[in-house]
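Have a look at this one before I ask anything.
Which chain is which? They are A, B, C and D, in the order written, and residues in each are numbered from 1.
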Amino acid sequence: MADADAPVFEHVIRVGWGDCDPAQIAYTGHIPGFALEAIDAWWEAHLGGDGWFQMELDRGYGTPFVHMSLDFSAPITPRHRLICAVWPTRLGETSIAFRVDGRQDGVLCFAGAFVSVFTTAGSLAKRPAPSEIRQLVEPLIRPADSNPYAE
Amino acid sequence: MADADAPVFEHVIRVGWGDCDPAQIAYTGHIPGFALEAIDAWWEAHLGGDGWFQMELDRGYGTPFVHMSLDFSAPITPRHRLICAVWPTRLGETSIAFRVDGRQDGVLCFAGAFVSVFTTAGSLAKRPAPSEIRQLVEPLIRPADSNPYAE
Amino acid sequence: MADADAPVFEHVIRVGWGDCDPAQIAYTGHIPGFALEAIDAWWEAHLGGDGWFQMELDRGYGTPFVHMSLDFSAPITPRHRLICAVWPTRLGETSIAFRVDGRQDGVLCFAGAFVSVFTTAGSLAKRPAPSEIRQLVEPLIRPADSNPYAE
Amino acid sequence: MADADAPVFEHVIRVGWGDCDPAQIAYTGHIPGFALEAIDAWWEAHLGGDGWFQMELDRGYGTPFVHMSLDFSAPITPRHRLICAVWPTRLGETSIAFRVDGRQDGVLCFAGAFVSVFTTAGSLAKRPAPSEIRQLVEPLIRPADSNPYAE
């Protein structure tokens, strides 16, 4: 049901001195955190201002990660903002997958794939995707390999 | 020469799930990093887009910290953006002091005082404040204890 | 009641590449986290293996910070382990203060003062220091300015 | 040339309160950093005390990452130390692959695969694996999917 024309959300991250290592580029260990922040911001933008925090505390469910995979293709530096394009690529019975592509100045720096499962808050017991999520996410699914900036 | 009417810079930080600890508030260990990011953003906003990264790599000087002090008065959570007010409070021969106050929803969460020294890039040798910095900073100095939101 | 001969606890931190910034030293924003980790390890060593996590979840109280102050006197690098000396300096009715001194290769890198209050877990309501804590801490209090390595 | 009997290095990480999120488990965004720290410690243990920092600054080469992939199978908490088993799984002409498996109390928490390329320090230009590295690494290569704790 993936729709290559579904809109893509962008989250902007300010990369600073403190993100960089002695090679003068963002430390690899921080990059997964950038991508996760972009997914958290995706939820916030699509779920009425609620990110993971409100999801767990107010809505009663969580989305812990079971997988992440990232390819790094260009260094990230403080010279440009990091623009993270985020989109859901699959919604299973109890899981959801996201793609996050990070770009600086138009150059792809990393491409990441992330899989979470739905759980009941306060436990780590798996549960089906909440129906409010199913309704929200289904129209936004795009293929994992669709370039959101392709003409 | 502090001027209580000098403008105050604000830097906005998105606090997320990943910043919080099991007490459901931002972990104390992350808060100094928020304040430092706000100072880095202050430089970026006032130095033609150059933060600490460009200062060290392009301009040839750095500003390592010799002191920080923070008082925490209210918890920080993802429910609001963290608005950091930043202003220089003193410019010495070889040092500069900043105040950073972090607020959420109008409530003061922390007040911090920070002192850096000027160094030559690539070394940690102290040097006088660069004249371009002196010109920039002097008109912006406010008293440390001036509330930027006071009427 | 501070006793300058009370023993001092040491916590060892491995400083790595990922802790360092483009100036090739540990990023200032990470140093408060080093000191807090050392205090957490102090509790773990003195409270039967329980750090802040077990204190909050199992013992029903927390110790959120209300103040921290650090002076930085030498850069921290991966060339040596960071040895953090930790000791309590004061135990009030509802608060506790710690000193943390970080050294590398015998050189003092930072000296920090930290104040926490006791709270009931799951809330941020202040409470008196638990009696198990009072018994534990009182004999370990040393003056804030006592050098643990002085002859 | 992988040898399933090659020894496996273990790096121990103290997981603390500050690593955990409101779900009372280590935040996913910190776990790649744990694995990277374990690889950095692997180098340090095998390269005469030199980790990435000394590799870049003293030996003149670096190993930036081009890929990472992690599967998360159990939550990580402060209740046990995190034991990271690290081993090289492949040494190419210009690249090296590592496996990092993190366990707590004997339970596999994550399994990660990491690929770096060799570069000349101070640039990001790819170069062949240094011969000192080739000699060191070749006898230590194990299959990616070999369980180091299997009988």
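Throughout what follows, contacts are C-beta pairs under 8 Å (C-beta built on N, C-alpha and C of every residue); 3 or more make two chains touch, one makes a residue touch a chain.
Just so we're clear, the structure is a prediction, and the values are computed from it rather than from any experiment.
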Item to check | Angular offset of chain B relative to chain C [C-alpha, multiple of 5 degrees] | outcome: 180
Item to check | Contact-richer chain pair (by C-beta pairs counted) among A-D and C-D | outcome: A-D
Item to check | Length of the line joining the C-alpha centres of chain A and chain D, rounded to whole Å | outcome: 24
Item to check | Distance between the centres, which are taken as Cα means, of chain D and chain B, whole angstrom | outcome: 35
Next on the checklist: For chain C versus chain D, what separation do you get between their C-alpha means, in angstrom?
Outcome noted: 29
Checklist outcome for this item: Where chain D touches two or more other chains at once, the residues are 17-18, 20, 22, 24, 28-29, 33, 36-37, 53, 56-57
Next on the checklist: Show me the residue ranges of chain A that touch chain B in the complex, using the header's touch definition.
Outcome noted: 14, 16-18, 20, 24, 33, 36-37, 40-41, 51-54, 56-57, 77-79
Checklist outcome for this item: The chain B residues in contact with chain C across the complex are 22-23, 25, 28-33, 36-37, 53, 56-57, 62, 64-73, 75, 124
Checklist entry - For chain D, which residues are in contact with chain B within the complex? => result 17-18, 20-22, 24, 27-29
